[in-house]
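All chains are identified by letter, namely A, B and C, in their written order; residue positions are counted from 1 within each chain.
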């Protein structure tokens, strides 16, 4: 199984070419679009989002992750084996929250070669997809070289920031809800946002936070867009405070 | 084969997680996205649309249908075997047009258990996908319990309402064209809308109705958006009248 | 493997029904969405785009291509075997750039029958998908009839026009970059657009052209939309000139 996580969007021939490369080399493997609107050009926020999804799903197979503003530059391409699943992507922090969370004995990080024929602008198709196919077929990469350092190796397990705004305007943070008591919450524009179990528990138009389906603190407004109502976007800081 | 029919949209990690659960449990089954812009939060209209698509396709396998404004509330989750195909979804009317249309001997309706670990907000991933996988693998659900009542059991076979507006602005109704003579049609804003075979048969800018590719009465305007030109949206009533 | 290339968009139950037909008849074949926002109603421009993608991918299997403003009219449906891959679509020029580029000994063009039950408005589902499934299973079509003429048989190998604008506003042309020296480029609004290797080589806000990942001349603006900044859209002519 391949799982794709990118900021390519659904427009254009980009996702399709990545999938065509995978399906040509691995005709019997399924290919799942995890999402293609990961935070664009923001590998750090995207990395915390991917880690939360993966933590819940515990997938096998190979995850192809591409949020890569530095494509064509000197940044390395890496593959990481974490708890029995492979992750392939740029070395720009996108995979760091996943790698960091694993115990040292259960992870291995490799640098990937750049194929001769690779274009300068489309490493998803030319670098990451071929590497993912090779890992799916053989469980290893020719000329693989293990590394002990990667971008984001020193990042914390949680970040108190907006990491994603979904199609409903719900605001996902990089803070795992299990680390936060219900008596805490963010203060936004001077207003404390308290916890609720779910939408039905608050009045329409009221902002609240809840533990979302991938275990993160998510800020929502019943029947409205929290992002719009609270003026929040990806990258904004959200300091959490203790309420009375 | 799994067929997905939801109002999740293509944004966000929602459809992807449902598919990851299915592919993990049933690696050799194909997963088809039937559509993800079913009428949002409108299980009734979505149900008539799904029934028309399914009636045409006569698919095998398992259809996972999720249009579920009551997620997290007490509404039941059900599975229905209809003419050799399984349907899984909330008991809010979404599956009623399909179940009602089947002869009693060829249908069976079950309630689904809610797994202990299920989140409050994402039953597509936590309730419906696991049940669909179990049905695909075993043709039955552990602890299944047959029921004789479901929401929408008394609904008619056709509804004279807008059930969907597509990307071109074409207006799909819940009325099967085979039940309507060509001498009838809707009156909208005092204007009768007459039948045509296809777009090429009417002048640009003219509204008409035709039997669409899934057998429903569809209202269109040649080279324009019928929804915009006629001011129609999902849920609007469309009484049909006999013309001269 | 099936590869889908259409202008259907991701909305509505259209792509999903095509895939359901394919998956029902060929359960073990993978189905890849190459793109669904091909230039709408413009089979000529779409054809040059498809040819460039296919030239790069060299896929096997069956490509189902549908950009078909004449659906329901008398235009023929065709299948073309080109270099070991099948292409199915309307005979309106969409497949011409691919067929024309193949050497005569490695291509074969057939007309497709229209199934009795086919709807007037949805040949993607009712004509092209069934033919694609038959080709995938048997490598031939019942009642196939070879033809020597097709719409666009006399078209050139390159067209100096905009053939696609992607989600970032990058402007793809129908000119293969390998045919153009770096000393040439388009003049747009009196301004010459010179070549660069990639985005990082030009200042933000500057327009340039480069060889894109499928080998075409693409016009881009670093950190902005070239289409918007230069006022370009699909179909516009782009005469290339020799600079200095």
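The criterion applied here is as follows: a contact is a pair of C-beta atoms (placed from the backbone, for glycine too) under 8 Å apart; a residue touches a chain by one contact, two chains touch by 3 or more.
All values reported here derive from a predicted model rather than from experimental measurement.
The chains that touch chain B as well as chain C are A. Under half of the residue numbers at the interface between copies chain A and chain B are found on both sides, making the touching surfaces mostly different. For the pair chain A and chain B, the distance between C-alpha centroids works out to 32 Å. Across the assembly, chain C contributes residues 10, 30 that each touch 2 or more other chains. Listing the residues of chain A that touch chain B in their complex gives 1, 3, 10, 30, 32-37, 49, 53, 56-57, 59-60, 164, 166-167, 197-200, 210, 212-214.
Contacts from chain B toward chain A in the complex involve residues 9-17, 19-21, 23-24, 27, 30-31, 72-73, 119-122, 125-126.
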